[in-house]
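Both complexes below contain chain A, partnered by chain B and then by chain C.
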Partner chain A sequence: MQEFLIRSLDASTIFTIAALGELIGQRSGILNVGVEGVMLFGATLGFITATTTGSYMLGFLLAIAIGGLLGLLHGFFSITLGGDQVVSGMGIWILGFGLTTYIGSPFAGPLGLPRIPSVFGLSPFFFLGIALTAIVWFVLSRTNLGLRIRSVGENPVVAEVSGISVTKTRYLCVVTAGMFMGLAGAIFSLDYNPVWAYNFVMGWGFIALALVFFSMWNPIILIGGSLLFGSLWQVSLNPQLLLPDLMSRYIWRTVPFTITLVMLLLMSTRWFRTKWGATKPEALGQAYVKEG
Partner chain B sequence: MRIGRPTLKLQKRVYLSGWRAASISILAILVALLLFSLIFLLAGINPLTAYEEIFSYAFDNPFGLPITLNRFVFLLLCTCAFILPYKAGLWNIGMTGQFYIGSLAVYGVLLGLGFRGSEPVNIAPGFVILLMVAASMVSGALYGAIAGFFKGKLNTNEIVVTMMLNFIAFWLVSYMIKEGGPFMNPGGRGESFEMAASLRPPTFFNVPFTIFLALGFAFLLYFLLKRTKLGYQIRAFGLNPTAAEYAGVNHVSIPVLVFLLGGALAGLAGYHYFAAVPGVFKIARNYAFFGDLAFYGIICGLISQGNPLASIPVAFLFGGMSVGGRYVQGKLGMSFGVDFALMGVLMITLVAFQFFYRYRVVFSNPQKENPDARILD
Partner chain C sequence: MQQEQTNNGGRSRANQTRKGMLTNLQRGETLLEARGITKRFPGVTANDAIDFSIRAGEIHAVLGENGAGKTTLMKILFGQYQPDEGQIFIAGQPVDFKSPLDAIELGIGMVHQHRKLIPAHTVIENIILGHPNAGAVLNLSRAEDEVNRLCEKYDFSLDLRAKVWQLSEGEKQLVEILKALYRGAEILIMDEPSSALTPVETEKLLDSIQAMAESDLAIVPFITHKLPIVLRISDRVTVLRRGKVVSCIDTRDATEKSLAKEMVGREVLFRVERTKIERGAPILEVENLSVRSDKGFIAVDQLSFSIHEGEILGVAGISGNGQRELVEALAGLRKIEGGKITLEGQDITYANALHRWQAGVGYIPADRIAMGSIGDFNLVENTAMNYYFDEAFSKRGILDFKQIRELTTELVEEYDVATPGVDVKARTLSGGNLQKLILARVLSRKPRLVIVDLPTQGLDVGATEFVRNKLVEAKQGRASVLLISEDLDEIMSLSDWVAPIYEGRFMGKLPADSTPREVVGAMMAGIELDKQGAAT
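And then the complex of A and B:
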């Protein structure tokens, strides 16, 4: 049972960090539906680096770097070229899925390094996740930079007029977002599940994307959602712990996805939206073209 | 928007002719192949040899060509399943899930009619085949319609919904065919029971009749989009849902309808691959491989710019390239996933090329008063 709780917290950490990245991007008005692709890239390249060099540090750094690069690419397509953000995000996801399948398959199998030591019985990334959430919350809601980010996401035209560079702010956010997602992928492949397999992120990126919608773009609520889904994922893997013999283990695997779906529907009802005032950033998904 | 100083200028396209769109698409494919050469170079393989192997196996080989044609039927169905919602401004990335559910329905029909193990003699095979086709389409349609319904009713993000449905369907298939599931193979090899031999459809050059269905649906879809009131409504909804609603287009029925029809086509792909293509006739253990190939439908749909007729040659080309990619992987000793890597590179190149569908690059002479005058000359 204790093992189960620890694994749940580990899984929640990964959901939190990936979704935090997406949240930062969305608050600035940039939707990236390719979270899964960035995570796959971070996970696979981090894994390969760590297994060939023997250094965890290099693996994480490379994963963060590739995440930042993919964020930059998404920024280039959706900010500079002003393209459809969904098309670009889809492109990043399929690129990640396709290319990492090819790049990673020679390395299929376990990592072959000693496990990352735990701190107070928990993964060190758990504390990192908490710290990052606190930082993101603080920056977004208590600092000048956060105000800039939010105003760019709500109304870029007004933001630009009041002297904020929409392009710069958005680039800053998408690159940071990509780094978070890359890091989340690396935590998945180096700490949580250090065995490379075909398409092994298994939809976590898409659940993280949905979590951002659940969180009503608030990092603190996001943690709650991540904890829920982290433990749900663990239940679906080990149903015998809580409810033995209730359903086939394959049916259990559908549960996290079904709950995501149900939550998403619930959040979208008018009842919920009027009750909680869940409003997305006004300019989310819209390209901004500077006048003149 | 300006790049450089006075010499190079970007101009927003007001109108994009079909031929211009086609030439941009062809250029995009060529650039993607050029980029993909890097992968061969990194593997120490001459890209020209590799491409020659890919194309000659896929399109000019008695073993390869039927595989290409069967893959083509699958891709064309998935592409059409993507195109119709895409025209309404919606993203159906749930072809994978609809495909799985379609295959499950086919085997459900077989199980229901008692075709597991023994062969009932009193049912005409033609009728059963018809039933299987219908079941795959209806179930795929209903599964797809979930996303459309909630998009219309609650404005939920259809990408997340269809993706969740994909994973749910994926595990449902596992449940049905593995570890004592209803469709489990008696041998317990993690695959479904085999379809009775009498139900194998007639084939032409090892390609089942589904090729005519797929081509027919592509033509029908083209006609629907171009020539009917409904098609006009779908396109209007895709361009501007709010404006379309003021003009009397229903914001619930259009999403439901496009996902319903799209899902039906993706569901039919399930019948095609697991009950009609020679040599399979069961839900294979590696069904996820076929499911993931459905994402090629997104690429074909984008590259044909949502035109069902244009998607016919595109699906044929990419069907062949994915088959050839898998072949060179074995022949030239490359690691697993060449076909998926190609999919990724094609997709990202295409995303970059979206720009050229919207803008044109104009060289202008700074000395002249009107930079566009030279083009008019």
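And then the complex of A and C:
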């Protein structure tokens, strides 16, 4: 049981960090549906780096860097070129899926490094996740930078008139977002489940994406959502632990995704929006073209 | 090359004298001067050698029709456009604005007509957004103190922690004014300051403007219509026509008539002849109509009224009192909560929008760009939108474009729509011409009930006059008209009956010719006058 709880927290941490990244991007108005792709890149390249150099540190750094780069790429398509953000995000996912399979397959198998030591019986990343959430919450709601990010995501024209560079702010956010996602991927492949296998991130990026909507763009609620999905995921791995013989594990495996689907459907209804108010960044998904 | 050099020069000069450049000027001294401003766009010279100046403590109105070059001049003064020729001087020193930020830093503030505010954020967040001294970690209480001090100075009252979407139009404008003042504006450019405001709010605004001018701020309102406001508050008026300054005079030497003549270039009749025609049978009858708003509360509350043949019922009210929901319910665009709607005896309560069009309802929406037209469609296609369902124009689902084109050409001619042809996209038309086109395609159907929502909002004097006359013509053609407007003058001059609307209820139904304006204005603000016997 204790094992189950710890694993749930570990999974939740990964959801939290990836979703935090997506949340930052979305608050600035940039939707990146390619979270899964960025995580795959981070996970695979982090894994390869760590396994070849023997250094966890290098693995994480590279994962963060590649995440940032992919964020930059997404930014280039959606900010500079003003393209469709969904198309660009899907492209990143497909690219990540294909390329990491190709690059990673020679390294299939366990990492072959000693496990990262735990802190008070928990993964150190759990504490990192909490800290990052607190920081993101503070920056978004209490700082000038946060106000600028939120403004750019709500109404870029107003922000620009107030003397804020929409382009710079959005780039800052997508790159940071990518770094978070890359890091989340590396935590997955270096700590949570240090074995490389085909498509091993298993759709976690998509759950993280859904979590952002689920959280109504609030980092604190996001933690709650992550905990829910993290535990659900663990239940789906070993359903007999909690509820023996209730359903096949394969059906359990679909539960997080089914909930995601239902959640997203619910959130898109008028009923939900009138009940909870318009919390979605107004300019989410819209390219901004300077007037003039 | 030349441009670049002056720009760089201006930039460095501006940097040296930045901030405080305008602070020590005495009342009456020239704050800003623009000399020979010329701005060309492909095909038009929007500003042609314009000279303009503002003194401290002065209210200097800029008047002009749509397309007269007002907006261009305003954008140049605020740094959004760079002039092709000419120079702006601040406190006697030449400056070049590369962006609004340069203008803001030199003490120019802008109050936009279409509010540049973020509805989801609080008032204080909107005010400090982009402020250089906001600090890395926001110190909201300090900012609030500072803004409150400004409020006290000019006698404004505003809840700084409220979210902007909760505010009325007048309060939103106040937020923009405060934002500009908080950034140290000494010159306040106001774009159509009184549009979308109620009479009561307009009074407040005029008081505020005067209070600000008292403390030596220069105020530059840009106004298309509402000449009485110009006459009441401004010290000087500059009138623009076709990109040129046609006159710059002291307001005390001007009259409403003389200004209108300068603006339009010909005599303008201010009074639309209100012809009374014999009251016919009721066309529209509404019983106990209730409608919910998008947010789910009751916006139209048990409303009952009727409009007879050849009558204009003017619904006067501050926006957000249920007008939109009422209009949409009548046009068949919004589900109703309860009640009954009858058109010439035919129950249309649950008829859809198309059936209503076919039954003789004509609807002219308030938002001509988003609801009234499709910008990327040409004029023929836009006209087809009210005709596609007519046997005469479509056979077995195939549109007869030849006929629709003929119709469009006729309408464009008859309604005096200024356009190079019927094949241009609708979004290339100016607001006035687009409204004329929409009016044409609706009125040409000879509807029995015309629903018009804010028909002249944002239109210039000439177009306004035209639209109003067409509505009166429709009435003379024995249609009944439901006119929704925030402009009390419009309501009073067009309607036979006035129904002030407040929180989804009519405060009364009064004959327009025997009811004093002030009574309607008060009732719009929710004051019941029946008890005092002031209203019938």
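Assume the second predicted complex is superposed on the first by the 291 of 292 C-alpha atoms of A that agree within 3 Å, B and C clash if a C-alpha of one lies under 4 Å from a C-alpha of the other, contacts with A are read in each partner's own complex, and residues count from 1 in each chain.
Definition applied: a contact is a pair of C-beta atoms (placed from the backbone, for glycine too) under 8 Å apart; a residue touches a chain by one contact, two chains touch by 3 or more.
Treat the numbers as computed from the prediction; the structure is a model and nothing was measured.
J.: Should the pairing of chain B and chain C on chain A count as a clash or a fit in the superposition?
T.: Fit.
J.: Kindly classify A:G163 by the partners it touches after superposition: chain B alone (first), chain C alone (second), both, or neither?
T.: A:G163: touches chain C, not chain B.
J.: With both structures superposed, pick whichever of chain B and chain C touches the larger number of chain A residues.
T.: With both complexes superposed on chain A, more residues of chain A are touched by B.
J.: Of the two partner chains, chain B (first) and chain C (second), which one does A:R142 touch, if any: first, second, both, or neither?
T.: Second partner only.
J.: Quick check for you: in the superposed arrangement, does A:N199 touch first (chain B), second (chain C), both or neither?
T.: Only chain B is touched by A:N199; chain C is not.
J.: So in the superposed three-chain picture, is A:E154 touching just chain B, just chain C, both, or none of them (first/second/both/neither)?
T.: A:E154 contacts chain C only, not chain B.
J.: Just to confirm the value: shortest Cα separation between chain B and chain C in the superposed three-chain model, in whole Å.
T.: It comes out at 7 Å between the closest C-alpha atoms.
J.: Over in the complex, which chain A residues touch chain B? Could you list them?
T.: Listed in rising order, the residues are 33, 73, 77, 81, 83-84, 86-88, 90-92, 94-99, 101-103, 105-106, 198-199, 202-203, 206, 209-210, 213, 248, 250-251, 253-254, 257-258, 260-261, 264-265, 268-269, 289.
J.: Please output the residues of chain A touching chain C within their complex, sorted ascending.
T.: Per the touch definition, chain A meets chain C at residues 142-148, 150-151, 154-155, 157-159, 161-164, 274, 278-279, 282, 291-292.
J.: List the residues on chain B that touch chain A in their complex, please.
T.: That would be residues 1, 39, 91, 93, 150, 154-157, 159-161, 163-165, 167-168, 171-172, 174-175, 178-179, 181, 288, 292, 295, 298-299, 302, 335-338, 340-345, 347-348, 350-352, 354-355, 358 of chain B.
J.: Would you mind writing out the residues of chain C in touch with chain A in their complex?
T.: It is residues 80-81, 100-101, 104, 110, 112, 116-121, 125, 128-130, 134-138, 179, 294-296 of chain C that touch chain A.
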